[in-house]
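Presented sequentially are two complexes of subunit A, the first with subunit B as partner and the second with subunit C.
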Partner chain A sequence: MSPMKLCVPGDKLCSAEDCIPGTGVYLRHGYIYSSLAGYVLRKNEGEELPVISVVRETETQLLPDVGAIVTCKVTSINPRFAKVHILYVGSTPLKDRFRGTIRKEDVRATEKDKVETYKSFRPGDIVLAKVISLGDVQSNYLLTTAENELGVVVAHSEAGKYQMHNMAIGLEALENSSTVLHRILAPCWTTRWCYLMDYLSTEKHLLGLLLPLEDCDNTCEKHVSVFF
Partner chain B sequence: MPTDTKRVRGPEVSQSPSLFSCDPAAVLPSKGPRADGRRRDQVDVRPVFVRCGLVSQAKGSAYLEAGNTKLMCCVYGPRETDRKDETNMKCGRLTTDMRFAPFSCLERGSWIQGSQDKDFSLMLHESLQPAICLHKYPRSQIEVNVMVLENSGSVLAHAVTCASLALADAGIEMYDLVLGCSMRQDGTSYVVDPSYMEENCWNSVSCENQGGLTVAFLPSLNQISGLQSDGEMTEETLTAGVRTCIEGCYKLYPVIQHALTKAVRKAAPSQSES
Partner chain C sequence: MAGLELLSDQGYRLDGRKATELRKLQARMGVFTQADGSAYLEQGNTKALAVVYGPHEMRGSRSRTLHDRAVINCQYSMATFSTAERKRRPHGDRKSTEMSLHLKQTFEAAVMTQLYPRSQIDIYVKVRVGLTLHLVRGIIAEIDFFVIVHKHVSIVFQQILQSDGGNYSVCVNAATLAVIDAGIPMRDYVCACTVGFVDETPLADLCYAEENGGVSSLALALLPRGGQIALLQMDARLHQDHLETLIEAAMTACKGVSKVLDEVVRQHLQEASVLTGE
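The block that comes next holds the complex of A and B.
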């Protein structure tokens, strides 16, 4: 493979007739210029023209965008809405926390008026939500959990142990058992993977992606024994 | 006027010793060679040393040395905006802050921001804003902090260059790099990239053209994003001065490009796609 070319912002890469602009570039007066300092990538995607983009090896700063699935943590609840801190966009962690709001009517799709926020969320819950709006001047990002794959993934029960909502793995056995659990599985329906969660620490919750959901069956003992 | 309340001022009849110290050579010869060996009336900028990525806590950072002028810049962001008083949330916001360390100038300054610092911060903001693709960062704030460690002339020009380097190092999308260059007109001759003495010593014989000029330039797009001048100059002198500064910026461009590519290569030594 030919060595990758480096570029700085403002470098003229090629004409718009040769390539299609991808990420990290902009189009001006019929030419494609770079907007980042990084490596130039030309990819042939099967269409007539290759796509040219500039990448830096450091993870691209993703901002929560409308329609993105985000992982957030509930910070406070209110009869009308719940405030959350957005921690991950997709599977990339964010360096700085962004704030979001889940309104009462966005918690579920059915029976929206009968929702009680303190029964749906608790402070400290990890929630998978979707961004519906960037919000206006006063409000934060607006999120919704009114879909099948979204909702609370990890919650703290009154007994002090983590319990899962939306889980296929039998929880009661985990709750009542006297064995100390260090790590817990949480299936994510959106990405169809099973996440390993660090049960003892509240911050570093998503330790990694483990196995595709189809490989996990419904018995919890098998998984518990594998992971702690 | 912000005062330093922690200093002991002494009895009321006392006066500052700096009143009695004799002034160093107040008037620089306007014809002879310059103090550091560079030529007059030529675009002779000081050799520049730049490095990116020296501050690990910041998203991007850069350090620049030009002669004795030393400054560093840190960039943080995009972060969530603290203040929600902007009516337009569709694009991001740029915050610039330029500070002089108390030990940077000949006379000790204070850590409290004076009016000159705020002035420079505003000019830095004006020069950098056209170059950043703010529409790609809605509801976010990008903070640029410049700290001048030693002020030895043409600080604003070098701050602009250093800030745009730090922004590129942080991975913030920009239309182009912003380079700064300044010059000082002294009668019929001019000096490019003046040192502190050349900048501040005004010729007592008031000739027609006396003034300084700083230009912030986008080399690839061939646009000027910032222009600051003081003194009195005729129109032709000003336009010739702007052209001179643009030439000075072009001289600086390869050095900046090299420093950026070096930083990118250091961050990711692999030549293949990730």
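The block that comes next holds the complex of A and C.
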């Protein structure tokens, strides 16, 4: 790696005509100055000017920003909204928990008024959500799960038996295993319902049954086929 | 007054320095691993420890949240054994509150708070005298409310000396290093120095004896590269003709301090990069 230049806050890096400011720098009177103590990184985006930014080895505290995908844990529910603690922003863990709210209208994109928070979230669920607003003085971050990739990722049923996994991971693990029949749970996003499926690895078939998580236990008998 | 001459005829002060000479400045960054940023700074005999946490969600009264920037919360405290007379209340008294407020104003000018709306940055500074941090392997010590988890640090008590002047300046310098260590973006360093005026001569970096010896003292916090003043504080009597000279002397002294702090930061970065193998 080529040696990178060290800089400290207040160092003049270059003029605003040579580079576009990135992170860790600020613009003043037509010049770009560093605002962190770290290394100067110049990246060529391809179009016009390179982007100049200052990076440190250790990442500083990241704040959830509008549009960021966050991982959070449900702490309490209410007929109108669910309160969560934000644990990760993207893939960076936060040192401190931020508080967020998922309103009833933001749980899913269709049939918004028929949402029942009790059926969608329970305290202790891990949810993937997106920040829609920083909120004002009184409220916390506002989050939404009304998109395809968002929703409950890990949940425990009342019996404590089944845990929902990411569907893709579950299927991958099965492809590699040798036994014939598996019963897996695949989450249906935005709710706590899941597919209880029998996977025949020889035939690569998935037979599935849509059930609420609480009813998933070993005595389930009915099967329906699911088309992929 | 017999004996104590603040500025001798040859131009030497009480501790043997010349009028524009600063005290010896030593500093170390990244002293506590559990805080987001920390620094220890010694200027002469005044020693300060600064610790920074943040930015994190607003704690305490949520009504103080600002929608467009971060709130900076400073607390200044003195160790009970640090002054000649043992202080009963380390913080919460008027002087500490005033000092905390000044620190807050200073750092609000330098830290780019608009990057962190609705959050809080905590800066804690503790001034203590008669204590030196030695890096010795394997000893974990607990002192006051600081639990030191960095396993290579031990606290060794020396004899108690008097709290040696220039408290505000030392706090600001230590806090600057701690904020840089925490990776919080700042426009520039903040360097501070206390200057006084004796016999038509400005004295840079006052010590305790000079501060209490009837010298008009002025504390200045400067952003050295732009030459911008973050805070100017004075509560003594000074003729207005001398003000210009005094501020000039203070700015020169601050630029001297900034050179030393710059060295410390660059060295810390180099050491850190060697450890991570870049």
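As a convention for this text, the second predicted complex is superposed on the first by the 160 of 228 C-alpha atoms of A that agree within 3 Å, B and C clash if a C-alpha of one lies under 4 Å from a C-alpha of the other, contacts with A are read in each partner's own complex, and residues count from 1 in each chain.
Following the convention adopted for this analysis, a residue touches a chain if its C-beta (ideal position, glycine included) is under 8 Å from a C-beta of that chain, and two chains touch if they have at least 3 such contacts.
Owing to the predicted nature of the structure, the values given are computational and were not obtained by experimental measurement.
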Fit-or-clash call for subunit B and subunit C when the two complexes are aligned on subunit A: clash
First, second, both or neither for A:L41, with subunit B first and subunit C second: first
Contacts of A:Y88 with subunit B and subunit C, given as first, second, both or neither: neither
Which superposed partner A:G135 touches (first subunit B, second subunit C, both, neither): both
Contact residues of subunit A, present in both the subunit B and the subunit C interface: 1, 4, 6, 8-10, 12, 24, 26, 28, 33, 35-39, 56-58, 60-61, 63, 95-99, 134-138
Contact set on subunit A toward subunit B in their complex: 1, 3-4, 6, 8-12, 24, 26, 28, 33, 35-39, 41, 55-58, 60-61, 63, 95-99, 134-138, 141
Touch list for subunit A against partner subunit C, complex: 1, 4, 6, 8-10, 12, 24, 26, 28, 33, 35-39, 56-61, 63, 95-99, 134-138
Residue numbers on subunit B that touch subunit A, as the complex places them: 59, 77-80, 84-87, 89, 131, 133, 137-140, 168-169, 171, 173-177, 218-221, 256-257, 260-261, 263-265, 267-268, 270-274
Complex contact set, residues of subunit C against subunit A: 36, 54-57, 62-63, 65, 67, 112, 116-119, 180-189, 223-226, 262, 265-266, 268-270, 272-273, 276, 278
